[in-house]
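Report on one structure; see the data block that follows.
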Amino acid sequence: MSLVRGVVDKLAEDARTVAYTPVEVGRDAVYTARSVARGETSPTEPLKSVGATLGALVVVTLLLFPVYWILMSALSGTGGSIYSSGGLHLLPQDPSLKPFLWVVGDLIVPAYAITVNVPFTNLAVVFNTPELVFLDASAYGVDNPSEFKSFFWNSLTVSIPTVIIAMCLIIPASYALSRREFIFRRKVLFTYVLLTQVGGGLGIALLIGLYAVYVQVGLNNSKLALAVYYAATAVPFNTWLLKTYMDGIPTSYEEAAVVDGAPPWRVVTEVILPLSAAGLATVFIFTFLTGWTEFVVAQTLLGTENYTLPVGLYSLVDEYSIPWARFSAFALVFASPLMLVYLFAQRYIEGGLSFSGMEG
Amino acid sequence: MATVTLDNLRKEFDNGRIVAVDDVSFEVEDGEFVTVVGPSGCGKSTTLRMIAGLESPTSGSIRIGEADVTDVHARHRDVAMVFQNYALYPHKTVRQNMAFGLRMSTDFSKDERNRRVEETAEMMGIEDLLDDKPNELSGGQKQRVALGRAIVREPDLFLFDEPLSNLDAKLRTTMRTEIQRLQNELGITSIYVTHDQEEAMTMGDRLAILKDGILQQVGKPKDVYENPKNAFVGGFVGSPSMNFVEVEATGDGGTVTLSKDGGFDYTLTGDVARRVSESGLQTLRLGVRPEDVTVADTGAGIPTTVDVVEPVGSDNYLHLDVDVDFIARVDSDVEPEVDDTIEITFDQSDVHLFDATTGEALLYESQETELAAQ
Amino acid sequence: AGVQEQGEGTEASQSGDGSGDSTASGDADSTTESSGPAGTAKAWYSLPDTEIPLRKEALGMYNEASKHTIEGADISDLRKKTTSAIPANQGPKTFEWAHDFVGDYYQRGFIVDKSDSISVEMDQFTDAAQGAVQFDGATVGLPHSAETVALVYNTEMVDSAPSTVSEMKTVMEEYHDPQNGTYGLGYPFDPYFTSAWAQAFGGYIFDPEEDPQLGVNTDATAKGVKFALDNFAPYMPNDPTYGPQAAAFAEGNAPFAINGPWYLSTLNEKGVDYGVAKLPTPEGGEPNPFTGITMWYFSKAMSEDGPGTQAAMDFIEWYATNEDIALRNAKEQGAIPVLDSIATSDDLPENVQGFSEAVQQGVPMPTHPKMNAVWTPYGDALTKLFNGDMDVKPALDEAAKTIRSNWE
Amino acid sequence: MSTASRVATKVGEVPFLDKDDASLLLVLPGLFVFAAFMLFPVLYLVGISFTNARPANLFAGETALDVLTFGQAEFVGLQNYVSTLSDPAFWNSFGVTWLFVATSVTAKITFSIGVALVVTNERVRGKRFMRSLIILPMGLPAIFTVTVWRGIFSSAEFGLANQILRELGFDSVAWLSQRWMSFLSYNVTEMWLAYPFMVIITVSALQDVPKELHEAAMVDGAGYFSRFLHVTLPSIKRPVLFASILTAAASFQAFLIPFVFNQGGPARSNELLVVYGYREAFTFSQYGEGAAISLLAVLFIGAFMWLNVKKGKLADGVSDS
Amino acid sequence: MATVTLDNLRKEFDNGRIVAVDDVSFEVEDGEFVTVVGPSGCGKSTTLRMIAGLESPTSGSIRIGEADVTDVHARHRDVAMVFQNYALYPHKTVRQNMAFGLRMSTDFSKDERNRRVEETAEMMGIEDLLDDKPNELSGGQKQRVALGRAIVREPDLFLFDEPLSNLDAKLRTTMRTEIQRLQNELGITSIYVTHDQEEAMTMGDRLAILKDGILQQVGKPKDVYENPKNAFVGGFVGSPSMNFVEVEATGDGGTVTLSKDGGFDYTLTGDVARRVSESGLQTLRLGVRPEDVTVADTGAGIPTTVDVVEPVGSDNYLHLDVDVDFIARVDSDVEPEVDDTIEITFDQSDVHLFDATTGEALLYESQETELAAQ
């Protein structure tokens, strides 16, 4: 619980920081201007800062240009394309939100009849909730919206179990690897580091074998089975990552808790885990990412009704042509939750990927 | 409340390549405040951690009260420990930090816990900080919270591992008195580790001095100061340190003359001289404390040159040419110029004599002997 | 307490829910009579999203009218999915794809011969379509439409379609100006698209009946390839792949494109005014493009008899022979009918007629599994030629060598 | 409270949790699950690599179980390995792969360090916001990103890269039709794909460089460049080295980029190892050989990682250093 | 070698919300060793960092030698700085650490650099460590290397930012003398920041005391000790701290009586009494240093109760009931029991009087005045 509250607090703090940024910038500017006016600061100082900031902005812009490019093609109506033989256009010539509407489709909460039986009587109270229409795509000329919502639901129901299972496997292991000395510890650690990258790209032959096994066990088309698989692939790298992070937590916290009379599991839940927040956030995002973006295995194992977002995205691609606008809009909507998470969790990821503890 | 008994405690690290603590035995009485002092790496923390149960001894045993706790897990020992870096949980508020031990080791209701925490906080003067997070506190406040966290549990035994070493000089003095006051009030048996001999001297009912894992001497601060068992203890306790002069003893019957190249000459008489002769040692190490060195009139003492004059306000420290780092602590109105030649002297009763090779005190009388003699 | 949704769900009704095993209900009594119990069958297809509504409608029509139920599903990467699912007995009863899988899949056992149980007349389909669905004397599916590449022209730039290549060249010459973003032609330069010219002068790419079977480096083929290189490549955007080539015409920056019916939806979206005509004739030859026949395959799951198989067969026959559907597909998606009755009908929209005529010009792609090993090396050779890295003959020889070694 | 916590207390009392060796039990579930999903496919692959498996014989048989026993594929011993190792295309692919690893890793590292330096520079305002922005691409699915970059590097005059070149007054380049140009485009794309991860790691490393070290160097008279060379670089060496090893492994297994761009072309000249294996397995339906190639690739990358892990002492944590 | 002049130096942080250094002006003479001391957060480091060029002043100017360096980049100032945590480059050997500054700021050949490094290393007694990495060294060795690194460059100016605070007590004393010795030998102008008043007193030729960014007093240690400008300085300098008693002054013509509830009474006479009367202040703060408090015979002094007796070996500290933290430093053979009532007294010449509200010393005479009077 306290973890959740911590996250909420941090988010609120971030929001405050963001909200105050303009105020702060303004204050900064006024302060600098005054000091320049008084002749205390040479005017080149603020100029240097402005120059450096502009330079950095240019770098960021260049880096994000492909994303911008995609966004433009998504905005340029259904016939959009990233190929434009008519010259370089930085803005869509005929902007339209239709592709996004097509992706999102209707957002309508249907009317429900809620029946509450009054106990010990035969009476029942029926509430009729109104139909809530947030967005009616057909009103904007989009008649056959994508199945994004069902893909989205499938992706969620794959990714969330993935994260939960992975966390259950990763957290105890990384704690043990970080804090305990036991037989085979170094061997396990070594294997994990070794396996962090080996194993991908093994080709599809492998997949066929895997698929055959799944079918034999009757697990194909099971989102849960897929989640277990993803969790398994996420184990080595993330265990190692979290272990490295935990190494950086001073043992004295733990010792303080032990002396205070805390049993091991309480030490972990009350001290180690809260202090590993950044590491956990990073692992969380990485494992979530596995489930959210994986394509090949999902495509092989799942039936159409269980298609996840990447598979759905790829089904837009035809043998010959790619509907660029829809494809891009789909990908952007697909990526946006992750992007939001990145936006807010950036400093945790930075903290979680900090290998400063690895001095050797 | 409890006594603590250490029996031939030994701790090896690295498969025996490092012997951190070597055969340490001593007893802490109920309600006593014992300070453990020694240079860095001498095994103080290791000893303390064995008592807490955070390390298990290689051999020997530990008793707290009546129970042998050698194999008891730390969390069942009912001790409280204050760490050097405070080890306050950064994600918990002060209140939660303090209540944590109670939550873990007692069945108190939430209200009861809160009541106790608030009581203790009041005692420590941190009642206003209860809802702050540790990183919003200053060093002294953190220290107080760390103490409070230990106190609120009312444990059998307090362990302190250099709890003041991260504070600045002034704050250290204040906190020192505060800890003493608290311990007096609560009367809980305490073991306090420090590398600062002044802290050890002023705070402890008794003092245990460790070196290289070996217990050198245990005793009341004043006894240890006046009657160090060996040159190491003599040099370690007291500030500025005891001055040492390597001397040759030549003597006949009644008197023994201790001399050193460069004009140092000191004559021992009486009982002391007799015991020196009896020991048959040729080379001795003479120890004399800076405050026992006085500037004598010309002709009456040992002539020496002034190297540095260090004023500390209340006194002046004269660095003299007698031997390396030979210091005389004199009144602040005694202000010789650098390179002046002055003469110094000191009482025979203030002289400590040590075997130059083993460092053993020649004149050491264990307290027991003294007591017996009385 | 209970919660019940009122009225229609908002989630677009899903394309199928696959949870019901198609054969579970009917396997126990293995009746082969068409009057057997109602069955359920899965049908897989992979369509651009513009074509899905029509397909759903057709499925709805069938399910309404028949006692059987067909559950359609749009599959992404159908090739990979069938390759893994069918051997694991998780495949559908039928799936829809162009006929180029026929040989390979039949040999792999992914699809089965059902010539015994087909109850429709095969000769109501065009000859090309009949040939396409058969392999080694086995009938492995029923065709429902054809596709091939034809000449697409921008009616704002060109009044009427050129009938010869040299006529066409004059126009291309006029418009080709890459510096200003205009081109003569948008034409994906790959084995399938260029087959018309490679096979225009008596050459062939692969023909199991001929000797040698592999024809890519025969002189006649080389001549055709060279013809294409000389007459078209200079007027095209630099990148021989589909996307850029398609873009050039679709954005109104080229008078011509050579492309297939699937291209029309893009053009409609982009709002280009276009016409479709058969390919212009080269001097001394006749364009002879590969055509693709889109068909419903008899998947491995149809080898066991039962209501599910009944259902699948019934549906395939219904779909393949239904003139309404064929016409609608033609009108709305440019699909070329393969029912003789309407293949050349005037009811067909003009554009489809253009494609239809082009189909008449061509030959179906070979279904032989060996063909699989031809596409890539031959395509590589074409890319090299397009880039001007090699001469025609050596490039084709090299491709032939690679193909042969891969056959071993 | 109550039951749950009482159970938890009981668990807490279980003695093994206090014992060190028993901590292995905490690691085993992860290890087991991982092995179950990873070891099996690899073993299967090993099996296939000794047979003449092709789709036709591998899938012959009635049930899916037959697939597991390799259908009717026959044991051919080391033949697949022999033919792979004697195929010049394999060696070309092998060489190009290592070259790609070398160039792309170098590019990724220098580029990311550069970007990281920019977004941590103290003169730059709004650094954190910029850092949040530049890691956004990590959220885009790789298949999509690569497809987009394929478009950017279109050889056509109006591919984005060419348009920009032309805006700058250069001739357009046939990116994907020339061997080294496509190699270059692979590198650029790989760089863009990998930079968010690399930049985050570098940024974290940079932030852990003690400020005093820079100040000490400044007072010692070192300029910006010297400080970078003598203070920054050595301080971020280990984390960056670690990231490089991970990313090197990713480069080694690059598949999507060459495959989507031009199937490792032009004309197989840039066919990276995994693409080569894929093509053998699928285009030519040689599962056995494809498996052998995949395994060889795994072997190489395994050896490479092993060396790095050993050399870079990555398995050592602080706890035992 | 150079003088350093700070002119109305001011530093704001956070757009003026924090004023770390407020209008500090002083001058360091060529070859002088000035210590800057003050409680944590008073702006010592900030001042030093401005002199080093690591922070640029909000206003005011800094001159080193003749040159105004206010806008000169740190690396062109030719100063050497020793950091609190040493800031040794962890990946370079000791030799490389020491040679780095030479490489960066001089054109010496490699051999020349090596020669100088070795010379300095010898001087510092670290010649055996030259090929070790910093993390193989002990705290004291690191400290020596850090010093060596600064010395080898023979800069115009040495800056030290609490260089000893990470060492233990004994080592601190040793290093203290070592730094003094070196500075004496080399004669390089030095500014030394510390929060330890003892360090500041013993090491500095002159002492600058900061509080809340404002310079309180600059002067020779002895002068500051004896003649604090205000209560803060009085309390800050000296250990144990000066005792303060809040008193009411009532007087007539010749004498002034300072009294406090609870039996405290002290009569001032002569010139002092006159000046107190003249000031017209009612409430004063009386300050007296622990060593100036003596135990008097019964009836002759101010009666008070003993709270705690703290033995520090050479002396005993008596905590007395006069006011909070009132300490008398007495000989170690004066050992009253806790709760004994004793009487204390002190000389009028040892009494410091401060305005109770502003803290200004009533009797303060600036050195200049004194000099003029002589």
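Here the chain labels run A, B, C, D and E in written order, and each chain numbers its own residues starting at 1.
We adopt the following convention: contacts are C-beta pairs under 8 Å (C-beta built on N, C-alpha and C of every residue); 3 or more make two chains touch, one makes a residue touch a chain.
Bear in mind that the values here come from a model prediction, so they are computed numbers and not experimental data.
Novice: Identify the chains in contact with chain A as well as chain D, in label order.
Specialist: In this structure, the chains that contact chain D and also chain A are C, E.
Novice: For this structure, which two chains have more C-beta pairs in contact than any other pair?
Specialist: More C-beta pairs are in contact between A-D than between any other chains.
Novice: Please work out the Cα centroid separation of chain A and chain E, and write it as a whole number of Å.
Specialist: So the centroids are 55 Å from each other.
Novice: Report, in whole Å, the distance between the mean C-alpha point of chain B and the mean C-alpha point of chain C.
Specialist: Computed from C-alpha means, the inter-chain centre distance equals 92 Å.
Novice: Roughly how far is chain B from chain E, going centre to centre by Cα mean, in whole Å?
Specialist: The answer is 26 Å.
Novice: Could you say which residues in chain D touch two or more other chains, in rising order?
Specialist: Within chain D, residues 18, 58, 64, 67, 151, 154, 156-159 contact more than one other chain.
Novice: Which residues of chain B are in contact with two or more other chains?
Specialist: 73
Novice: Listing for chain C: what residues touch at least two other chains?
Specialist: Residues 83, 87-90, 181, 237, 243-244, 247-248 of chain C touch two or more partner chains.
Novice: According to the definition already given, which pairs of chains are in contact?
Specialist: Listed in label order, the chain pairs in contact are A-B, A-C, A-D, A-E, B-E, C-D, D-E.
Novice: Contact residues on chain A for chain C in the complex?
Specialist: Going through chain A, the ones touching chain C are 77-79, 81, 83-87, 105-106, 108-117, 128, 131, 143-147, 149-150, 204, 207-208, 211-212, 215, 220-221, 299-300, 303-305, 307, 311-312, 314-323, 326.
Novice: Using the touch definition up top, name the residues of chain D that touch chain C in the complex.
Specialist: Chain D reaches chain C through residues 55-56, 58-60, 63-64, 67, 150-151, 154-159, 162, 172, 174, 176-178, 262-263, 265-268, 279, 283-285.
Novice: Under the definition above, what is the set of chain B residues touching chain E in their complex?
Specialist: Residues 39-40, 138-139, 168-170, 173, 177, 180, 195-198, 201-202, 221-222, 225, 236-241, 289-291, 308, 310-315, 317, 319, 325, 329, 332 of chain B touch chain E in their complex.
Novice: In the complex of these two chains, what residues of chain E are touching chain D?
Specialist: It is residues 49, 52-54, 73-81, 83, 85, 87-92, 100-101, 104-105, 149, 153, 159 of chain E that touch chain D.
Novice: Taking the complex as given, what residues does chain D use to touch chain E?
Specialist: Its residues touching chain E are 210, 212-213, 215-223, 226, 230-231, 234-235, 237.
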